[in-house]
Amino acid sequence: MDKQNWEPKIVAFVCNWCTYTGADLAGTSRLKYPANCKLIRVMCSGSIDPVFILKAFERGADGVLVSGCHPNDCHYNAGNFHARRRWDFFHKLLDFIGIEKGRLQFSWISASEGKKFADVITKVTEDIKAMGQFTSYKKMNSEFTVDFPADLAELEEPVLQESFDKETVK
Amino acid sequence: MNELIKHAKELLEKGEVAAVIGYRQVSEKRTKPVIITEPEETRALVFNEYCLNNLAVYLTKARIKLLGRKNNKSFKLAITAKPCDVHSIVALIQENQIDRDKIHIISFNCHGVVKDFGFDFNGDNLSSKCITCETHKPLYYDKLLGEVKETPQARDSALERIKEIERMPHNERFEFFRSEFDKCIKCYACRAVCPLCYCQRCITDKTIPCWIETSSHQRGNFAWNVIRAFHLSGRCTGCGECDRVCPADIPLSLINRKMTIEANNLFSFVSGRSLETPTLVGSFNEKDNDELFM
Amino acid sequence: MPHTAEIKEIIDESPDTRTFRLRFRDAETNDRFKFKAGQFAEYSAFGDGESTFCIASSPTQRNFIECSFKVYGKVTQSLRRLNKGDTIGIRGPYGNWFPLEDFKEKNLLFIAGGIGIAPVRCVFNNVLDLRDEFKNITIIYGARSVSDLIYKQEIKEWKVRKDIKTVITVDPGGETAIWDGEVGFVPAVLEKIAPESENTVVILCGPPVMIKFTLPVLTGLGFKDEEIYTTLENRMKCGLGKCGRCNIGNVYVCKDGPVFTYAEIKKLPREF
Amino acid sequence: MKIGVFVCHCGENISSTVDCLRVADLCKSYSGVEYSVDYKYMCSDPGQKLIKEAIHKYDLDAIVVGSCSPHMHERTFRNAAVSAGINPFMVEIANLREHCSWVHDEIEASTRKAIELMRMAIEKVKRDKPLTKINVPVTKRVLVIGGGIAGIQAALDTANAGYEVVLVEKEPSIGGHMSQLSETFPTLDCSQCILTPRMVEVHQHPRIKLMTYSEVERVEGFIGNFKVTIRKKARHINEENCSGCGLCITKCPIKKKAYNSFEEDLAFRPAVYVPFPQAIPNIPVIDETVCTYYKTGKCGMCLKVCDREAIDFGQKDTIHVADVGAIIVATGYKLYNIEKKSEDSIYKGYGEYGYGKYRDILDGLQFERIASASGPTSGEIKRPSDGRVPKKLAFIQCVGSRDDSKGISYCSKICCMYTAKQAMLYRHKVHDGEAYIFYMDIRAGGKMYEEFVRRAIEEDKVKYIRGRVSRIYEENGKYIVKGEDTIAGMPVEIDADMVVLATAMIPQDDAGSLARKIGIPYDKYGFFNEAHPKLRPVESTTAGIFLAGACQSPKDIPESVSMASAAASKAIILFANDTLEREPVVAKVNEDICAGCFYCMKVCPFGAVEVKDVKDMNGIVYKEVAYINQGVCQGCGTCTATCLSKSIELAGFNNEEIFAEIAAL
Amino acid sequence: MDEKIISRVDLMKICKDVIDKGNTLLTPGAADYYVVKDISDIILDTSALPSKISHKSYVFPRTEPVLYYKRSKNDVQLIDINIDSKKIVILGAKPCDANSINIMKHLFNWDHSDEFFNKRANNFMVIGLMCSHFDEYCFCTSVRSSPVSEKGSDLFLIPVDINNYALKIITEKGKEFISPYSGYLKPGDEKNSKLITENVRQPEAAFDSSEVYEWLGENFESPKWEGVGNLCLSCAQCAFVCSVCHCFDITDEDYSYTEGRRMKNWDGCQFGNFTLHASGHNPRDIQSKRYRQRVNHKFRYYVDRFGEILCTGCGRCSRGCPVSIDIKEIVSNCNDNQKEFLK
């Protein structure tokens, strides 16, 4: 992909009760934010495993956001406290081995903070855009990969592209 | 050393323990672990500067059951443990892997062990965990042997390397660790030798879903080493065994050491130092660091 | 390099067992692919890996091959997600086979437990297609419960045939109100019906526990070790005698097996 | 697996920025998708019909709906799926409205995102497993902790609905603080008169087992299946023999060694006593700490006078176990003691107000006793120090409450009302007396409350002064109350004969330890936390444990009573079925690979994790593993992420499903 | 056998030429066999111990794709792997390592020929170097080899003095390789090098492999296995550093939503789940059985099957073992079931 057209791929792991609902509120309030980020709903921020983040990077994510209820507001009382400890550690570890803080960001967004949700997504997207592609990880991903011959590859991406092209023709 | 042999022999003769996990000398500057079940065999036991294995790794639930069983009755196990090995035992007790009443800890006043077998014990060949060691006398024991001696002086080169790495920019750091991890052949010796890696099935052996790619290509190695380090964060007692056994010489203990330092900075906690302090994983404080979160 | 094959039909045998009827995408392979009763193949669910099952259809059936699997692990779960028309990979056939030519003019006793019916079915159907060449044929098939019985349709057909004796049993507690078959573990049922051991070949397949308890019963009934054939289905990966995990003693099950006689097995270290 | 994909336009809400047709078309190219369609309103009846018909027609195993947030219509689509024969958990919703069409402008970008969201949902649904609701048996008996008005009300309501109740009260009698009150606002009816019949009803109710002078020791189990251990403290009186004649009390020679706590220490009581004449049960208690028999082994006067042989000096505490299905906690409150200033206390005390130093400076409950017809002064307002009738009375509101510097930031809610009431009572009894009330502002929300306060001001001429009191000191038998009138903007000094402090309501001393015993969270003051401040105010966060009255936050009587009835009805709802149906989104341990580190137990906020012994064929325990009680688990999944060997999976959100979602990105 | 003399300088010239032609030149270091970028990195030390990790991965990589796949809605496209056929020259292979490819060849070529292995193996040019040093873990002499064994080498070097090596041309392949460089070669004297090799200090044979073979056949159930099983920690370091262990695993990995690869990875028989069936049944469920399998496979099964011992006596496994389990010690004391250390 060339640099100019590059759009970051961002994954957000969010808890069902606060951040997901906050995102719903952002929607009902018709707040606008970039479309780069896709949400994966889990029940509680306490249930997000660090491996999820690595998996996201392995699948080409340029950035990851983890978000849950504010401390003391957890639907399950304490899940986010455990999460916070986990992320404190994991973030230090990633930082040490060379993954910048901006690649993996964290927030607390309550169900009433639709605005904050939109702001956070915007900020994360901008941060990642400023950092550029996560090339160092992607380099690892591309080891042992192969380009399928063009005549064979009538699959996913091209199909997607094609359907957009049709749109422009219309 | 006679005291050790005498004590171990007594334990076995009196039937207080079913087995003694200890060290035996294989050559002048080399020892290896041994499991002794007969009083007569205790004469092989030694303790010296060449006892660098952390025998706590043998204290798995299954082994304790298996070795502790004699004539259809279950007995205690005795283990010879350096003060630092006792840290591992403490961590294992806290994680419900060992019943304190089921083991008899024979510990020593310790002034350090060698880094490599086969060479003299001195400052140049001092295991890096001994350089910063503060527990020359064990925190918990059932029998204390040996006298206090001075530890040779040595430079804490591991800490210097950590500092050095921290000074690198992120992409260089990433490249450094990527290339180090790339050497990994996934023999899992680090896992096998770690007393705290007692899981019946490791996360990397889970296939549904596949948590960590088992292939030892770059990203598989990266994921394995990162997650291994994460799983030990706040739990690692710093015995350095993983580093010692790694056939690819990956500086695993640098990461473990770094995370231990962070645990101490963030939560004032060092694993395996006290049976009373709640473990870092599995507990929380409402006042934990919140800076990370927007 | 596996061949790709299309799933032509899916048959739900029991809540957790399925049979695929497969046809190679490539017509040439379809013609070339020949196998013998007892051989197995490696089936791929691309993305989740390969798994070893025996070929469950009879070699006399030429238009398709069938395999039956029980959902246990990653690959079988993945296979179960597939629909009619989807593609899987097949490598094979691998391993040795039941020496049917040696069975001629003999009585045959088939004993199967659980999913172990799959390899037995392959030989059984093969034998039925050549019915005249063999003497008395008996099949004993046991499953945990009625709903766990597979090939229900075929069993019905077997039952009505006069030239074979079909005994179906379920473990105690697995029967239903309308169940008219036997109730009891396979070894017990075997002991009860005590088939003729003279000039009889046994084809035995099932879970390790069943085999363990059935073998002494067979010996007790006078069957000869050399006449008891079974298949060992160790964990296999490559199917080529390389990867090392199916190694028992100096034998690679995937190459030298999976079909062994009890006499051969007795010589092997007890690691299966 | 055959999947049906349904893309909703939501009128134009989605279709205005997402090309739904293209989304539906493209979804057809994903493996496993058997049928894919878009429709104007999926949630409408025709939309649902479309789904149901497609399920039948294409023999679908699972469906994905691209529509609004799952919080809106997940249930709708699940129900539709169920009516077409699909398990409700084989339905996934892709949030195309709130998370996509409404927040993005560009058609291309949002269509692309919508496709990816759909793809994630498709991959997840492929790994979804059918789940069935969990049924937990229910013991239809409730435990009520606390025998104040809230506990009494909750017990009576539950018992009258036909269920058994165990009512535990730590004092020798039920009745609580309400029995101490003289009259109640805003009607000024006698507190005892309205309460006593309720107390008697509790006592006589065939389904209520009353356990006074008892405390809860331990609570195990979970919703529907609690096992409660109760310690019944020794009264040293055989309850069966005692007729409540009171002869022992009158004959007890120890008269002035112990303060009468029912009278708020304004009077003494004998060593053997009933807290108050109307006590239920009317059975005395021997106070070991003052009784001569326990000190010297002599006396035994009560033993001699009791002709029913009810005195039992050797009686010991007894332990009782009760199986209950629900617990209603109604432990009430106590008053802030303004003297208390210990270092570790969060309460900073009010040494400057002289409570405890000057006998005529009282707290609200003490004044209630003085004003009560059954109180130590038989209802005449007299100074405790000299028995004189006070001619000038100062009331101070918000003592302790709403004062961060003194440790409490909340409003105690009832002080405005009871101070007005007390001032009125005083004015009714001492016609020539003057009543001054220092207040911060008057909070009289409630039926007839504002009118009541107006009455105090207008009819009874109570003088309200807006301002804080800085200091109280004695001068010539008078108490000089120095304060400030913030309305007039000048300092005020009142030489009162008596001062009444409306001190804050705080939780009982042992609230925290009780909360830990029964496993419910509490705030920094010790008030128990409700599950949701607005929508679940009477439930604790622990399923099956409900809250009533002032143990949750300061409350007046009608509020406590209504909360008690609400809690009772929650328990009754729970008992309406023989088994309890719970959402199957719960965690489950893979016992084969659990290493038994029990980190899951440490992190579980609900105590759902138990130790389970795994036995071999010979019945010998060969390992201990974690077991998650499905009745208790609330499905947060914190254990799943904590588990190092990944031996725990959360049904409905298991790791395979989440990995599939990530892979589909 | 043809023997020549070559000077170190000329040898280096050959090496340089190998590198310049774009081939891979490997030489042993302390950690592993590494690819030489600059000939000044070459040490050629006869007194070095075997590297920690063997050169096995160059012929049998620790991980390699065996095919690529791409899924569409119903179909799957497959792409075969083309093995990179670069020539690999190992310079200074230890005699124990030199033979490893030959030993593995049997396995990879019986019945079915493994093209992945063969293509690489055929591109290997092994230049062995005599070994003059051994430690307590070396036992090549016990497994039908020696520090001066030429088995497996195409060319074999024996240092005759500081600057010169005797170069033995062992195979046709070796001859072919060296022929373009014949200008560097001087005629050599077999007697001279023989004198050197005869004087090389050799580890004393610790056991007789045929005795071990017999013993293993008779002692499948020996308390010895339990003893070592208790000590062994079930890692696979021994297998992974071994130059002839060849077990592998096959696993699929997606690298995008539709594309993925099938990987062949090293696997170790000491791992508990190596033989674990999906049903939960595990034929080798405890460590003692797994260790027994390892020793049996090396010293009995492989001999049965292919007539060779699956061991080169390099001692890597024992040297690297986290708990210092010494396979030599175990095998050499096999005849008495006593615990060895009590002697």
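For clarity, chains are labelled A, B, C, D and E in written order, and residue numbers in each chain start from 1.
What we mean here is this: a contact is a pair of C-beta atoms (placed from the backbone, for glycine too) under 8 Å apart; a residue touches a chain by one contact, two chains touch by 3 or more.
Just so you know, these numbers come straight off a predicted model, no measurement behind them.
Among the pairs A-E and D-E, the greater number of C-beta contacts is found at A-E.
Ranked by separation of Cα centres from subunit E, the top chain is D. Our note on geometry: subunit C versus subunit E, Cα centroid distance of 39 Å, whole angstroms.
Averaged Cα coordinates give subunit B a centre that lies 47 Å from the centre of subunit D.
Taking the mean of the C-alpha atoms as each chain's centre, subunit A and subunit B sit 37 Å apart. The set of subunit C residues that touch two or more partner chains comprises 73, 86. Shown for subunit A are the residues that touch two or more other chains, namely 58-60, 78, 82, 141, 144, 156. For subunit D, the set of residues touching two or more other chains reads 29, 31, 592, 603, 642, 646, 655, 659, 663, 665. Across the whole structure, chains are in contact as follows: A-B, A-D, A-E, B-C, B-D, B-E, C-D, C-E, D-E.
Subunit E meets subunit B in the complex at residues 31-32, 52-53, 57, 62-63, 136, 227, 230-231, 233-237, 239-241, 249, 251, 253, 263, 265-266, 268, 271, 273, 320, 322-326, 339, 341-342. Residues 165-166, 168, 170-178, 203, 211-213, 217-219, 222-223, 226-227, 229-230, 233-234, 255, 258-259, 262-263, 266-267, 280-286, 288-290, 292-294 of subunit B touch subunit A in their complex.
The touching residues of subunit D, counted against subunit A in their complex, run 19, 22, 25-26, 29, 69-71, 95, 97-100, 102-113, 115-117, 120, 521, 541, 585, 603, 605-606, 634-638, 640-642, 646, 650, 653, 655, 658-659, 661-663, 665.
Within the complex formed with subunit E, the subunit D residues making contact are 28-31, 33, 119, 592, 663-665.
Residue ranges on subunit E touching subunit D, taken from their complex, read 71-74, 254, 257, 280.
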